[in-house]
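Across the two complexes that follow, subunit A remains constant while its partner is subunit B and subsequently subunit C.
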Partner chain A sequence: MVTTNAIYESLTKIVGKDYVSASKEERYFYARDGGLMPPHEPDFVVLPRTTEEVQQIVRLANRERIPIVPAGAGLALTGLVIPQRGGIVVDMKRMDSILEVNERARYVIVEGGTTQGALKSYLQKHYPHLRHSIPDAPPSATVVANAVIHGQGRLAHQHGFNSDMVSGLEVVLPTGEVCRIGSCSVSPYWFSKGPPLPDLSGLFLGWFGTTGIITKLGLKLYPCKKMRDVMVLLTDKVELVPDILLRLSHTEMVEDVVISAQPLPLRFRGTFWIMTYVTGDSDEELEFKRKMVWNAVWDYFQSRDVGFISTSPEGKAPLLSMPSKDTTRFADVAKGGGFQYAGPITPIEKFPAFIRKLEEVAAKYNVFYGSTTRLIGSGHCMMFSFSFSFNRANPDEMARAKKALDECSKFALEEGAVLWKPDRDEQKMMMERMDPNTLELMKKIKQLLDPNGIMNPGNWEMK
Partner chain B sequence: MMQQSYVSQIHRCFRCGYCKFPTDYSSFNCPPYRRFRFETYSTGGRLWLVYACLKGEIEWSEHLAQILYTCTTCRNCAEQCPMKFAPDIIEWIVGARSDMVEKGRIPPRVARFFEAVQGYSNPFKLLRSDRAAAWANGTKPYSPGDEFLLYIGCLGSYDENGQKMAKSLVQVLTESGVSFGILGNDEECCGNEVYMLGEMGLFQSLAEKNIRKFKELGVKKIVTLCPHGYNAMKNNYPRLDGGFEIYHYTELLAELVKSKRLKLRHNSIKVTYQDPCFLGRYNNVYDEPRQVLQSIPGLELREMERHKKDAFCCGGGSGNFVMDLLAGDENSPARVRVREAYATGAEALAVACPACMTMLTDAVKAENLETKLAVKDISQLLKESLS
Partner chain C sequence: MLELQFNKTKCSNCEGIFCLTRCQYIHLDKATAKSEWQKIVNGKDSFVLQACTTCYACEEYCPFDNHPFYLIVERQEEKGVLPAPRPIITMWVNQCQPVGRFTVGRVGPKMLSYCFLPHFNTLVKGKLFEDMFGAVVFGQEFFCNAVYLHYARTSVIKERLPQIMENIRKLGVRELVCLHDECYGTFSSLAPAYGIEVPFKPVHYFEYLYNKLRGMEKSIVKLNVRAAYQRNCSSRLAPETDRFVDDIFNLIGVERVKREYDRGNALCCAEIIRMGKGPALADDVQKRNIDDIVKAGAEYCVFNCPACWDALADKVARKGIKPIHMIDLCKLAIGETQSLKLPELAVEV
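Right, the complex of A and B next:
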């Protein structure tokens, strides 16, 4: 039996003593995230700088059968990087280099801990004509973690999940081998995560670090238009929302569509604010797109079922900011410092039913709610958020918020949704419903890649 | 009062991490997080640990104290936090430190800092009788009727680099014909660092001594060499009935160059400028130092990527210009900042704070840039350009 001290010493030899901690303070902080899942402390927190260091840490963990959890900023809020069996948390954020931008093939290669904020800033400065799909998570969210949880960003309507935009991976497998995935496995170029090869990226994306640690990631970049505007549509007819969304999507002119619903301030109550983003390289292009949006809902406008909110440039600024700080501010609406949301991925026709459920559950558990829904793909699905804020100093309110979330997740599953970034309990709920052969396939993959079960145990855990 | 405020509010931090960045998210702008990289050293980490301590989920430890005291109170977090409580964050940290002070649970270096200030009225444990000895050299003592009291502060009085600043400033002010005098050996520590480190009793004692002395001498206007003293006198002394007109020396110099009371000759030099936290983020003085620099004919001002409210702290705040809890390797804030300054192509890194001066001068040496980048105070640059 190797002692804790020996593991600590081994880790310090790999990354240096400044970047390993077994102190109570680091163990406390990395035991939890900002959400409602119960904490569990790691034994060590380690901050590698290179792929080789990650490789050595994984080999050590595999040899000694120590659980290992790769972590970004812990902003999924569903406990995905809480080390449920202790072991080593690998905070990836020292690996933060932006390694290459291929301007003509429109992709970037980043290290495994690069933040969304750093990438946004880098592109704005050096490649202002290119952009990536920025999620509304805080800028400290990492590019890799967001891809691993199938996050969505400002280009979700046009290009799908952020994981769809991955163009290559470098992964340290649980047994220590470094593996390249996609075009970069046979070519110096990182333009495709799979096609025309077998797409092996699916062995890692969506697995929450249970099959390996991504140390480099290629990400597709897209044209960044010179101008950007938001049109705010308003309706109080919830049953019309799916049709409005389909019409907007049909124009193929909108960058992003986000629907907001919240009970306070009172002017928001009972209404649905549909933020429709358009971009252009000229006034003419922008005006044409605005006109297409108008035309798409004109009959609803004439029947007074839909209105347009006239918004000043100052009023638009927070809506246009990327990421949206307002998303984060929801945590403090009740001066409590906490919020969590269930984000089922579901057909957009479910919007009215989900809104009704959100209001019902919020009333039942007496919790403050909000919802921000984002259109994904060309209307193929949406992410509907059942969001509840809570006061971190009020355990009773936290418990009620958790019950509300659980009930919403269960409801969403029954309605045919698939839960996004599910916590461990939600993962179990989905695996219980999963096609048995699919589940068996997942199990075989996990056993093949991680024979000793060291990678983020507790997540996607199949009996 | 302050203690109650942080106890009842500190749970509101969501640990979103905005606090770690500058406005454009280009890099990490929180000095201790940039240095140590564990989340615990970010503002969010610190606030969560303090809250855990309040709830009894973790015990006090030397490591916890170290984490709390590596915060330089640079105020980047308050600038970047998207929440309504953002302006209160520094007071929460100071409040938590204050509780640690009252319980005697502070790092040894912090304890030594307090002992020195308590016993010697400076953090260097140097004799009060030597406060003006090494630099003042005939500078006129303040007497009733002088327009300004020039308050030098501990760094300007005892630190070699600070003394150079003090001498330059005195020469420039004398040249301009400003009516001023100094307190010399009668000067007390301003208390700004003591306040930020949470020793409220000692701060009050220092502030009251200063206020009493200023009043006895009939002082109306005070110009400070150091932004730390400027901050204490401008924002904290009025709560103790110490309301005076407070100027940082760059504000006074900006007036002097504007009114053409200084004749300047051509000085062809490329300069970048380090915004001191207690001048910029705390007191919104960004333009005057730049106006002074740009008044020098031939001087080319090259801004660092992070400047004004996004300026990266030198790491010297909260007494770290003495304690240096963030020192160690190439990731120490001062060394990071010096590399950023050098990348602008500047020949000189202009400062307006003796703490920045000493931190960045040491960092230039550590980075082997001594022959390529000179650290100079604004008054030094101005003095060199006097006709």
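Right, the complex of A and C next:
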């Protein structure tokens, strides 16, 4: 076993002294995220600039059996990049280049630390007719981390999870080899993460960095229409929500559908707000789509169960902003900046039951709640958030919020949902329910790729 | 419980039934109008209760000030008629519920009411308001509640309005300059119609602007422009204020273009109609209105109500007509600049 100093020196040789730290301040910062999982400090924080540097860091860690945690902006809120066993946090933010945009094949290749905000700005400036699916995370969230956790963005209704939009990967395996995944493994083009080849992207997406470090990622881009609008539908009948969502989806005219439910501010109380986004290259196109949305729920409108709010341009602005700022606002409702949510992926028919559970649990634990749901695919599923905000300076409130979250997650699993970006406790809950052969397969994959168990230990940890 | 001060006899003796025969949305001959109105007066059901767009205009058309619109709203609520979808009504009732959050600026005997409209934070600037700077009430605790006339909820008005009066009275306000017609209409018409005492003098901001401009006539540079005036629904509660539009326009050199949909025949912004009746009628009303403005050769469309601004400013601008709020128009005449403008990026892609 080499000494801590020797590891530090080795890391310094790889990335330069300015990009390695073992200082108390850095270790404190990288020990935690904004959620409720307990902190744990790393021994080192390192910021590589190249794939080769990542390779060398991984080889060092593998040789010395040191835990290694690849990190984006650390915004998952479920402790996915908290170094539960210490070791090295590999902060990817220096690897932030946008390497290539292929306009005709509509994809972009970014480095592993490129942020959503940087990609958005770059496309707006250089390729305003192209866009990617921006998640409602802060702009500092990285493209790779969001894909790795199967994030969802503004194009989720049309094109699915952000990981579905990946078009190729470059990965440093836990044993140090660099591996290309998808069309880029046999071609200079990054248009497909799998087909027509065996789709190996599943060895890395959803694994939370436990099977390798993604150093480059190809991402599909989509047409960016010139205009965009939001129509706000309200209903007070929770049981109608799934049918409304299906009808909206059936139009095939809707960019994105987000449902908001929360008791405060008062205007939200007692109603479900269904934000329906439409886009167009002309007024005519936009107007046609608006009419299709109206027509989709016209009988509910006539029965007075569904209404549309007239929203001013100023009122629409926050709804149209990407990412939405409302999440951040909600996060501080309780004052004290604490916010976490359980986000099960579930059939949309579960919406009424999940809302009832959210209200029940919030009352039981006396915590402030909200929910933001996003339609994924053409009604194939939705992300339903059981969201709670809390005061970080109030340990009792934090404990109650954690209990509320755990109860909601358990309930969601019992109702047939799959937990999204689960924390380690939720991962265990899912693995306990998982088909044993599936679990065994995951175990074999993990052992094959990471024989020494160095990659982000504590996550997807199978006994 | 507060009751509407309504006189049946006035309606029995009415020959014109203008409340219904002049309605721009329900087209009735006089006999049918009389029959349906009597049903409403006598508390019976009438299709009018369902068909009403809540444009407020009948309140102006009644020659006896007998409050036909308030009666329609009373009857709608009694009969469970929903002029808008139920969740929209719920949202409005919840949104403006008093919660004890008093947004009050510099307290004085004369104050401005911003109603519940943030637009006035942008509009209220410059010399026209320099001696009123900061003397503002805003928000739920001072909200006039007239909006519930659109939603068949006079019960909410009757429940909340007395406390609103009390909140303003406690401030020691003697004159309240109402920047939104709903407030002025509430204090000058709706509250008295329900026998609610108004413990201050409501002043319409048109009157305020006119008097301020009179005081600075030497600074006025005639604008020499042609403008269409967009009347709003709640101006129907206080039609006497319409003369100030002419007075102000005359003072600052603005020609009020003659057009079909002005004065008593004005069309509202139609967003309430959209919420209640759907897009077809609302789009038709807006198209007729804007086409009329274009046809009349207006250079400007002058808005009174910020909600009308939200609904129509962008649409008139697309027709080459400059949207402007009345306050901003007055500012132009004294060499100041327009504050309330269309957002540069209403749509973010």
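Definition applied: the second predicted complex is superposed on the first by the 463 of 463 C-alpha atoms of A that agree within 3 Å, B and C clash if a C-alpha of one lies under 4 Å from a C-alpha of the other, contacts with A are read in each partner's own complex, and residues count from 1 in each chain.
Following the convention adopted for this analysis, a contact is a pair of C-beta atoms (placed from the backbone, for glycine too) under 8 Å apart; a residue touches a chain by one contact, two chains touch by 3 or more.
Nothing here was measured: the structure is a model prediction, and the numbers come from that model.
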item: Partner chain(s) touched by A:K17 [first = subunit B, second = subunit C, both, neither]; value: neither
item: Contacts of A:K226 with subunit B and subunit C, given as first, second, both or neither; value: second
item: Touched partner set for A:P139, first subunit B, second subunit C, both or neither; value: first
item: Partner chain(s) touched by A:R267 [first = subunit B, second = subunit C, both, neither]; value: second
item: First, second, both or neither for A:R65, with subunit B first and subunit C second; value: neither
item: Partner chain(s) touched by A:K120 [first = subunit B, second = subunit C, both, neither]; value: first
item: Residues of subunit A at both interfaces, subunit B in one complex, subunit C in the other; value: none
item: Of all residues in subunit C, those that touch subunit A in their complex; value: 82, 84-88, 90-91, 94-95, 97, 99, 118, 271-272, 274-275, 278-279, 307, 310-311, 314, 342-343, 346-349
item: Residues of subunit A touching subunit B in the complex; value: 18-19, 21, 23-26, 28-30, 34, 45, 47, 73-75, 91, 93-94, 115-118, 120-122, 124-125, 138-140, 325, 328-329, 331-332, 335-339, 391-393
item: List of subunit B residues in touch with subunit A within their complex; value: 9, 11-18, 20-21, 24-27, 36-40, 45, 48-49, 51-52, 57-59, 61, 63-64, 67, 82-85, 328-329
item: Subunit C-facing residues of subunit A, complex; value: 128, 131, 224-229, 234-236, 265-272, 279, 290-291, 294, 298, 301, 304-310, 312-317, 320-322
